[in-house]
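Notes follow the structure.
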Amino acid sequence: MARVAIVGGAGYIGGELLRLLLGHPEAEVAAVTSTRLAGRRVDGAHPNLRGLTDLTFVDPGSLEEYDALFLATPHTETMGRMTGYAKIATTIFDLSADFRLRDPEVFRRYYGLPHEAVDLLPEFVLGLPELHRDRLRAADRVAVPGCMATAGILALRPAAAAGLIEPEVTIDARTGSSGSGATAGPENLHAERSGAMRVFAPTRHRHEAEIGQETGLSVRMSATGVEAVRGVQVLCRARLAPGADERAVRAAYRAAYAAEPFVRVVAQKRGLYRLPEPKILSGSNFCDVGFAADGERALVLVAALDNLVKGGAGNAVQCMNVRYGWPERAGLTFAGLHPN
Amino acid sequence: MIACPECEASVDLPDAPRLNEILECGDCHAELEVLSLEPTLVGLAPEVEEDWGE
Amino acid sequence: MARVAIVGGAGYIGGELLRLLLGHPEAEVAAVTSTRLAGRRVDGAHPNLRGLTDLTFVDPGSLEEYDALFLATPHTETMGRMTGYAKIATTIFDLSADFRLRDPEVFRRYYGLPHEAVDLLPEFVLGLPELHRDRLRAADRVAVPGCMATAGILALRPAAAAGLIEPEVTIDARTGSSGSGATAGPENLHAERSGAMRVFAPTRHRHEAEIGQETGLSVRMSATGVEAVRGVQVLCRARLAPGADERAVRAAYRAAYAAEPFVRVVAQKRGLYRLPEPKILSGSNFCDVGFAADGERALVLVAALDNLVKGGAGNAVQCMNVRYGWPERAGLTFAGLHPN
Amino acid sequence: MARVAIVGGAGYIGGELLRLLLGHPEAEVAAVTSTRLAGRRVDGAHPNLRGLTDLTFVDPGSLEEYDALFLATPHTETMGRMTGYAKIATTIFDLSADFRLRDPEVFRRYYGLPHEAVDLLPEFVLGLPELHRDRLRAADRVAVPGCMATAGILALRPAAAAGLIEPEVTIDARTGSSGSGATAGPENLHAERSGAMRVFAPTRHRHEAEIGQETGLSVRMSATGVEAVRGVQVLCRARLAPGADERAVRAAYRAAYAAEPFVRVVAQKRGLYRLPEPKILSGSNFCDVGFAADGERALVLVAALDNLVKGGAGNAVQCMNVRYGWPERAGLTFAGLHPN
Amino acid sequence: MARVAIVGGAGYIGGELLRLLLGHPEAEVAAVTSTRLAGRRVDGAHPNLRGLTDLTFVDPGSLEEYDALFLATPHTETMGRMTGYAKIATTIFDLSADFRLRDPEVFRRYYGLPHEAVDLLPEFVLGLPELHRDRLRAADRVAVPGCMATAGILALRPAAAAGLIEPEVTIDARTGSSGSGATAGPENLHAERSGAMRVFAPTRHRHEAEIGQETGLSVRMSATGVEAVRGVQVLCRARLAPGADERAVRAAYRAAYAAEPFVRVVAQKRGLYRLPEPKILSGSNFCDVGFAADGERALVLVAALDNLVKGGAGNAVQCMNVRYGWPERAGLTFAGLHPN
Amino acid sequence: MIACPECEASVDLPDAPRLNEILECGDCHAELEVLSLEPTLVGLAPEVEEDWGE
């Protein structure tokens, strides 16, 4: 049994961590913080947890010592506090963007301010078991990647690694509204956001930096908010390398993900759900990955996941399972719903 | 066992395949039609296009 | 381990049974039928199950013998076949409407044709553990109630049983589109059904018969299709009996549901989710129940559930758990999502 | 040509007034106020108006003199300012709740504070042409009714007036999110509000006072927020008076609304859209009204409208048309969309 | 006054034509056909038209002679019947795909069968006033382009024409469910289609042929069904030609569309609706067009429209206005709604 | 332990309650204000109305 704490527990990622960790056979949630709601019951902020817990939020200042700490705070809020957090927990899973990028210069370019803890950057392992499982087994500093980044990396990496595509790719990402967090502003008012197709990042979405770093590709990424609460989908366009075809792509993906507990290859020729789609993934830790080629060297790759689960909290729990040597599916067995 | 002509995944044959029977590839979900029996050969069954979005 | 089979497995209730039973620690799914899709993989119809099963549908005619049989076929399709089903399974959970009403005359009035198996009616126990747990422990014929009926009964029964309300009640039910099944017609075309507030049953919705039977109340019920895939909510209006007030109602509901694993009393004075609401219940087996009085003897009672889970497949699994003496929560631990 | 001004023009009702008045053949929009956005283009707040106007918002303090003034400010904000407004405009259309209720005691009970301009109350005519057309022809103070109130009154009034129903009725209202205005709080965050069935007023919704006043009935009303941006639907339950039946109801509604330009009787026995539904009314000034009886003296009456149009801005424009003797449909010809 | 008839009037495009033509000051709808619904009222299929018309459908076989004929029938259904239609109408607006592509070989490649009326192809002018206004003034055979094609062409054409972009572009299109028509199959069942992000055409969407033909670009196009009933958005990626930048693009678009009644340039640096988005365009004939460059020669172009209006019926009416010399906005003045 | 004035559920008191501190009833989620300390009395804190749907 590991005693864990969640910082930023009143947010959407915090709430999802709570849902997953309360149901985890090996973890005990010892503390959940909220500045705003300290003293209040956690099921006030997260009504799905009614009847499952009597926990109340504590102020971040009153944290004690834990085996593991999950940071679900906004980006740029954790880098300055990491030294403090390191004093109260052995293992830290940071879900913010602060320690994902190895190069502080790239961080500055995408986040608009200098990194405040450059010396700590090398301690972090990117929390993507599909790429870094071995290093994660012993990692005490884990930087969990962004939701669209995880989708993009899992969509592109096998093709890139096998040399099946040329290095220039574009990504069109679509996302639900929970990606903006529980403290989103008027742009997320229901009457404005409902039914939207909002190209909020026509160029240079931040996650292109993470995807570039992990795949070695040169990535151009746009992002559009569409009608959904949960869910991210990326549609990637690449050019097949000379000699490559859809069949070779299928073989590479089948091989890369055969043993993965949470990646499924979905590239069907029939049926309604031929390519990955988030609506059947809500609540599940799956990332579905698929592709289609047009016969003229254009390859489209598609991935889908639940931004709060495989795109965040679930992936962090999977990393914890790897780190502690627990079964990788522990606490993550929910399959997703159809219809939904 | 036979290889899917679409994706090369191996597809289980029923015990006694019948001519023109439709099988399904578990990998790419292509529909396969049994075209001959000895040897057992399968081909892709005709595909129905969805017509979304005009 | 019990060997179970599902009849009508390509439908929405069939798919939900499959999801729950594949994850159930004590059940083994031995067969799933579909006439239309016999020979096809079940994950073709239920894409959320990809990677979890290699089952294929079989024709109903090729069923063998099982410990338990779940019938997820349309109403009026099971009554004529029950004798046949009884030959191949010890225990039968019928999710259709055919054996819910004890009085064949009431059946005829609401379903428009005579009951074909009147002699079998007395063998059935209504599959609602909250009301009939003791009888369900030994029941081999279980008629699982309708989705809106379950919500209505759980909303009204404690008040009715405690004599807190007068016997005339009205119910306004709202439902998502999955309630119409996977073979719904043009009225469920997305462009027509999306954003609807369709009063499809302004008066005499069928489920009023079940609710009347189980609560002893005289019920008038309307039903409206609203924008949702999953989810049922009932808003019931009753008149408080002389001397009764909201406090007495709260005490009665607290007492009635204190030990229930899947009913939560939700009647808060603060917060966004003060009264039961289905959107945070998708996939979960909870039925939330709440109420509010206006100080002048008008009482509003509200219940919400996922029509495919506590309103159908989940409730059937709960009945199976009761029947076999397994932990009542087995296979039903998913909490629901927030946000969603 | 009448010179009109809109106070509160950055809100949702304000924006809708702007859309309708810009397209009105007889009105000229001379000023639109916003405290927050003074000096900014109105098409910044209302992007649908791009290309149609170059107006900018002005501060309420810089209003001059106009033929007509439309007040689209929050309730309790206009009563204290009415004397001031009266100095700058001949005719005033107040869309807030402040002057709808004739009895200041009822106002206090429903709005929780004393009325600040009791002496002005008698000057106001309720802005519902269907009931008060003759008085509106000469009215210079018009209190436009609430959105759900308009639906409720138009649903119930003919039956009440003809003595076809008994005086006790209940109303379940459903509403989209634009009813909360453009400055709504966290309860309207998309991730929380999307797919909701939120019983935000289980008892004593404020509009029951207006409906009671205009129909003479005793009304109990609840309200639920459902997934929609625009749209209100009311489902009313009444008991038929002895001797009354659905046929008599149909005759009464046909007669009452035969000459009305914006009320349609929708009570069909076939088809998808048998009873009134808001989704096909978005943008239109129609209020559809229908009914169904159950053969045992229970009568259900249903009405639907777009809360921002017939439930607010459109109805105000219709009142203006009546007041100025213009064709009643002027500026209000949009029919609504199907599918939508 | 022109006497017009609509073939395929029970479909979604047919219904939209009816809505627009009934409100058109210069057109009189003389006949509307439906095989299935001959003899029935048109407001049964199109409930938004209740109270506005008493028309009933007629069988296509009983058509007489008209000034103009609008064909709203499925593609491949009009080419074989064109000679017949030509006998009964002077001017024909074909909304199907049959006469849009000048090259019958391209038609065969994208539609899978040989063209049946190759000799008639040269008679047709593509119904896009922004490109072909002059020829349309005298055209009696008009092939109205596809919904995504119109968006793609209007998004790309000014940049292509001005030589601001290199010739290879990719397009990701998103579409609502009404694009599938009123007779769509199970893939459009609400429970399956709701909340979807369905990449139904990962490569080679048919409309790439039309876009290529009209812009001279080499187009690769994918299409995704997202949650919406109405609405199409295209996100196009191009590479700026050497020396070109966003400023040059803005100048070109401003110039190209300055005098266009139905194209607005929307490329803002602030606000919620910075780039084109369909939700505020429902029912309107606008196509909004915008763009953003990333400073490294990557250019993203975005266009949005209502597929049933500017993407179909509204555009056809605009073409009719051009053909008959009527004001181009006649019958097309609805601005769209916000919020919506 | 103290009884919620709204719903009579028992509410845990903090070890050292402070005057005007806000507690929360776990049952009806009412906000309770500590009104006096010896004896500890609580009352309902003022409620904020949501203003949906006009």
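Each chain gets a letter, A, B, C, D, E and F, in the order it is written, and its residues are counted from 1.
By our rule, contacts are C-beta pairs under 8 Å (C-beta built on N, C-alpha and C of every residue); 3 or more make two chains touch, one makes a residue touch a chain.
Chain identities (UniProt): A, C, D, E = N-acetyl-gamma-glutamyl-phosphate reductase; B, F = Alpha-aminoadipate carrier protein LysW.
A quick note: this is a predicted structure, and the numbers were derived from the prediction, not measured.
Q: When chain A touches chain E, do the two copies use mostly the same residue numbers, with over half shared, or different ones?
A: Same-residue interface.
Q: In terms of C-beta pairs in contact, which of B-C and D-E ranks higher?
A: The comparison resolves to D-E.
Q: Could you please state the distance in Å, as a whole number, between where the Cα atoms of chain A are centred and where those of chain D are centred?
A: Distance between chain centres: 45 Å.
Q: Distance between chain A and chain B based on Cα centroids, please, to the nearest Å.
A: 37
Q: Using mean CA coordinates as chain centres, what's the gap between chain B and chain D in Å?
A: So the centre of chain B lies 60 Å away from the centre of chain D.
Q: Could you state the distance in Å from the CA-based centre of chain A to that of chain F?
A: 39
Q: Two or more other chains touching the same residue: where does that happen in chain C?
A: If we look for residues of chain C contacting two or more partner chains, we find 12, 44, 178, 182, 186, 191-192, 194-195, 229, 270-274, 339-340.
Q: Can you list the residues of chain B that touch 2 or more other chains?
A: Answer for chain B, listing residues that touch two or more other chains: 29.
Q: Going by the contact rule set out above, which residues of chain B touch chain A in the complex?
A: Touch list, chain B to chain A: 6-9, 27-31, 44, 47-48.
Q: Along chain A, where are the residues that touch chain C in the complex?
A: It is residues 12, 15, 19, 22-23, 44, 46-52, 178, 182, 229-230, 264, 266, 270-273, 280-284, 286, 288, 333-340 of chain A that touch chain C.
Q: Under the definition above, what is the set of chain D residues touching chain A in their complex?
A: So the residues of chain D in touch with chain A come to 12, 176-178, 180, 182, 184, 188-195, 227, 229.
Q: Could you please specify the touching residues of chain A with respect to chain B in the complex?
A: 247, 250-251, 254, 265, 267-271, 274
Q: Inside the complex, what are the residues of chain A that reach chain F?
A: 39-41, 44, 54
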